[in-house]
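After this come two complexes, each holding subunit A, first together with subunit B and then together with subunit C.
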Partner chain A sequence: MSYFAGIDVGSLTADAVLIDETSNIISYAILPTGHDSQKAGTMAFRTALEQAGALEVDVAGVVSTGYSRGRVEEAGNSKTEISCHARGAFYYFPEVGTIIDIGGQDSKAIRVRPDGRVLDFAMNDKCAAGTGRFLEVMAGALNAPLEMMGKLALESTVEITISSTCTVFTESEVVSLISQGRKPPDIASAICRAIANRTSGLATRVGVADTVVMTGGVAKNRAVVKMLSEKLGHIIMVPEEPQIIGALGAAIIAREGGS
Partner chain B sequence: MFEPFYEVVFNVSKNITENKTALGRPVIGVMPAFFPMELIDAAGGYPVQLWGNNLSLGKSDAYLQAFSCSVARSVLELELIEGARMVEGYAFTSICDTLINLRELYRRLFPKPTVELSIPITRTDEARRIYLKSVIASVISGLEDITGTKVTSESLTKASSLHARTRELQRQLYYIRAEKSGLIKNYDFYVTIKAGFFLPRSVYNQMLEDLLEKLDKLPQPKGKRTKIVLSGMVFDPIEIYKIFDDLNIDIVDDDFANGWRTVSKGPLEVADIVEGVTSYVFNPAPCCCLYNPDNDRHPYLVDKAKKAGAEGVLFWYIKFCEPDAFDRPQLIQRLKDEGIPASFFDVELSMTNFDAIKTRIDAFSEMIKG
Partner chain C sequence: MTEFQAASKMRELMTEYYIEAKTTKEKPIAWVTSGAPVEFLYTMDVLPIYPENHSAMCGAAHKSLELIEAAEAVGFSPDICSYARTDFGADMTKGGPIQGLPAPDMLLCSTNICKTVIKWYEVVARNYNVPLFIVDTPFMHDGLTRDLIDYTTTQFKNLEEFLTGFTGRSFDLDRFEEVLKFSLEAANYWKKILQLGKTKPSPFNSQDTFIHLAPIVTLRGTQKCADYYKILYEEIRDLAAKKVGSIPKEKYRTLWDNLPIWFKLRRLAEFFEDKKCALVVATYTNSWGGLGDDYDPKNPYEGLAKAYLSVYINSGFEHRINYLASLIDEYSLTGFILHSDRSCKPYSIGMYRMQEEVTRLTGKPGVIIEGDMCDPRVYSDAQTETRLEAFIESMEDSE
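The block that comes next holds the complex of A and B.
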């Protein structure tokens, strides 16, 4: 049995996915990238191998993706996360037309062809506002665990509006709202809405198709998904593990020969 | 082949100072864009083009808002840190609000003289002719004051011929790049064009002639490469061309204000200088900074991409350049409507990390290849 691997080394996490010859997912790993992106990619790959009980020699092809894709030693080829997210989302949802990927340091909207390849794309062009890093900073300001931000936001009863243009300014706004005695769920909801508002503009640039899929770590935040869905007027599909979609797409490209 | 051009681009101050001494002419800094440098040469000046630099910005923040483009901020920074001591005067055009205000800042902050070619917004009105006549007289008089040399019809004719020759040679380089795609690395190409910003025409023309002679003998390299066209105001930071080279992407044509929009210009007609300057500024390539209803950028860019055999068009956007930003969404849509993939990335001249740009270029290339 030959395996194929995709390694996605982003700014916050390094993810690896192992698939078999028919593209079944065998194992995956999600590790923090830390300060050594090369090592993080290697560790994610080895962890996925261990989980599968496989050795590196069992892997017939490896494709890397993410911002550190060029620094993954195990990879025979690299592809951008735009192409990889398109292929990964297509794996779960073959009818996908638009993908919204909110990663650690940027967000992307990708329009997909019927064969799962990229038709058009747009990336955020300002700063970290509206990205995973934005959410992380705001969770810190609220003293709430990052993974609880979505749940917290859905408990909101009062709508507050905050700016979505700059992470630093928004953090100041959040601190100000806390000092005014605003409730954490209401502030968390405002933060998630700010991300949804910003991302909807990005999606509009490439066009919103009937089937919208959201990938990346922020897709785990149910409040962002709900608000974005309302904003776009479309149901948003989220894969079982949205954080590995880039690595999954890379593994699929590796299985197809790496190009 | 390209070493002499590299030597100029990476030692700008040294080269300008040496050439200034050799020529015995005052250096006039030319601000973007479309100032007919023939007028400076005719007045006995040595024009050098200032399209921005990669200085770390500090002092200029005291005078220009953070949302001014990095071209304006970096040239101001250069003067504020006294990095342009060899420049004795400045020539401006009025192609955007930032440049108009920048000239006013120079007048107030620095003792160096300035001239401004204030371009009338209308191209057909008789008022334009009357207005431009007085503007050109003022520009020539200002240049004469700086250089101490009178402009004559003879000096104008000679300067026109010299600059026309430069652009003719540059066009030949553009044609070779298009016809023998892959022969000239993108990085080498733009270093060659950029060297022309700083060299005296006679020196640069000879360097171009030598280069063209060598390139003419070389065959086109084999192998499939992706062909694209770039559009924007300024083709810096040039480090980005290394990304295109690494990804086997050939830029087969461009629509830069300091690239083809300038290179494509014919000789400055000096017999009727008002008509000559008007024609020079507005023709032949359209620009986001110039109102010219007879020369629409939309069909122009589509036609350019098709003629070049480009598989896509990338817009190279200098952050906060408003005229460029306003045109871009419609231009991208028009190209897409014509089946030509188009996208953009934004840059600042002082940027040093190009990872995000690389991802965008790489993704665009993957998108084109399908």
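The block that comes next holds the complex of A and C.
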């Protein structure tokens, strides 16, 4: 039995997915990228291998993706996140037309063809506002665990708007909202809505197809997904583990022969 | 990047040009914008000097940032065009590869490229206390109209009078005709060179033409400029005939819109070569090829007015979209790259819509990257290269 692996070393997490010859997911790992991205990729790969009880020699092909795709030694080839998220989302939802991936530093909207290949894409501008990192900073300012931001936001009863799109300014805006006695769920909700609003612009730029899939770590935030869905007037599908979709796509590309 | 044999000739020309500029005792010096009608200056033996070209040179030499910071330190906003900031900084500190430009005796500014230049040249006029002549070329929202042509032609006559007063000499029409002849000759060779990009594989990369643009910007109207482009044309024509490509394996053929990112020219050239992607046409370099299109020997003023009004960034949105689509067709391109240049607003405005429209008209994918021609602080290698690589993958997917 031979395996194929995809390694996605993003700005925040390094993910690895191991699949078999018929593209069944065997194992996966999600680790923080940290400051040594090369090592992070290797560690994610090894962790996935360990979980599967497999050895590196059992792996017939490796494709890397993500910001540090060029620094993954184990990989025979690399592809951008855009192609990999498209392929990964297509695996779960073959009818997918539009994919929205919000990671730590980038948000992307991808329009795919019926065969899952990329037709068009749009990415956030240079500023990281509206990405996962923005959420992390705001969670910090609110003193709430990142994983709870979505849940917290859904408990909101009073709508407030955050006016700035800049991460630094928004952080001080959040601090002043707290000191004004605003409730954390309302603030969390405003933060999530700011992300949803920014991202909807990207999605409409490439076109919102019948089936919209959201991938990347921020898809785990249920409030962002719900608000984005409301804003687009469209249901959004989220795979079971959205954070590994880039790595999964890379593994599938590896299985298909690397390109 | 392609090293043409003619390149050494160009370096010689440019060195001579800047040495003359720095040492001349007899010729008055005029600082001019890139789209100014310099034919009038050469006719009157006034030596034109281009702060924009100089700023580009500082950018390519990785010297622009320190100059930009010097300008910002005295209060110029980071939102101002980085060519202007580089120029202000170079002037204040005498920094950069040639320690600043020689002081101007007069200024000639034409608004066909943008309105920033008005304020920029007003600052210079104040600093040096020299006369400033502004040619006001209205924006062509709906193409070239009689009113626009007449309005601009009248100003050329005024410019002539201004120069007569400034130099104390009369305007020699025979000399003017000769200057025009050289100017057109150079522009026509340049145009022929750029059209060789239609050859598959392309004998040059737009990155090369960004560099070889220097003489037509600065020396347009002189014999040596015309001669230079003849040599360059012949060299590239022979390469095209022999099917020698600028990159070893040309697979994708793309267009570049907007100014180059001078401080990344080399890195991007290597990036594109590695990805088998040739940049075969650029709207920026094309701007200097159209000067001959409207020339009319019986009516040189009007011909010049039409030419200087018709530059790409002085034209309306519809026209730009159709122009891009036609280039994609004529050059058999597989996609297009739009550089959203933080400095150059008139060039970058409306790009998202433009991308959509051009794709709709041609079916070819496009990508927008964010950058700047001289300010490295607003550019990120990893971000830009991810976008470009994804764009190249999408061209691969659409095969």
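Here, the second predicted complex is superposed on the first by the 257 of 259 C-alpha atoms of A that agree within 3 Å, B and C clash if a C-alpha of one lies under 4 Å from a C-alpha of the other, contacts with A are read in each partner's own complex, and residues count from 1 in each chain.
The rule we apply is simple: a residue touches a chain if its C-beta (ideal position, glycine included) is under 8 Å from a C-beta of that chain, and two chains touch if they have at least 3 such contacts.
Everything numeric here is computed off the predicted structure, so don't read it as measured data.
J.: Mind checking the superposed model to see whether subunit B and subunit C fit together on subunit A or clash?
T.: clash
J.: Does subunit B (first) or subunit C (second) touch A:39, or do both, or does neither?
T.: After superposition on chain A, A:39 lies in contact with neither partner.
J.: Do subunit B and subunit C land on any of the same subunit A residues, and which?
T.: 67, 79-83, 106, 113, 117-121, 123, 125
J.: Going by the contact rule at the top, pick out the subunit C residues touching subunit A in the complex.
T.: Of all residues in subunit C, those touching subunit A are 352, 356, 359, 365, 370, 378, 380, 382-383, 386-387, 389-390, 393-394, 396-398.
J.: Which residues of subunit A touch subunit B once you look at their complex with the stated criterion?
T.: Touch residues, subunit A against subunit B: 67, 79-83, 106, 113, 117-123, 125.
J.: Inside the complex, what are the residues of subunit A that reach subunit C?
T.: Residue list for subunit A touching subunit C: 67, 79-83, 106, 113, 117-121, 123, 125-126, 205, 259.
J.: Tell me, which parts of subunit B touch subunit A in their complex?
T.: 336, 341, 343, 345-346, 355-356, 359-360, 362-363, 366-367, 370
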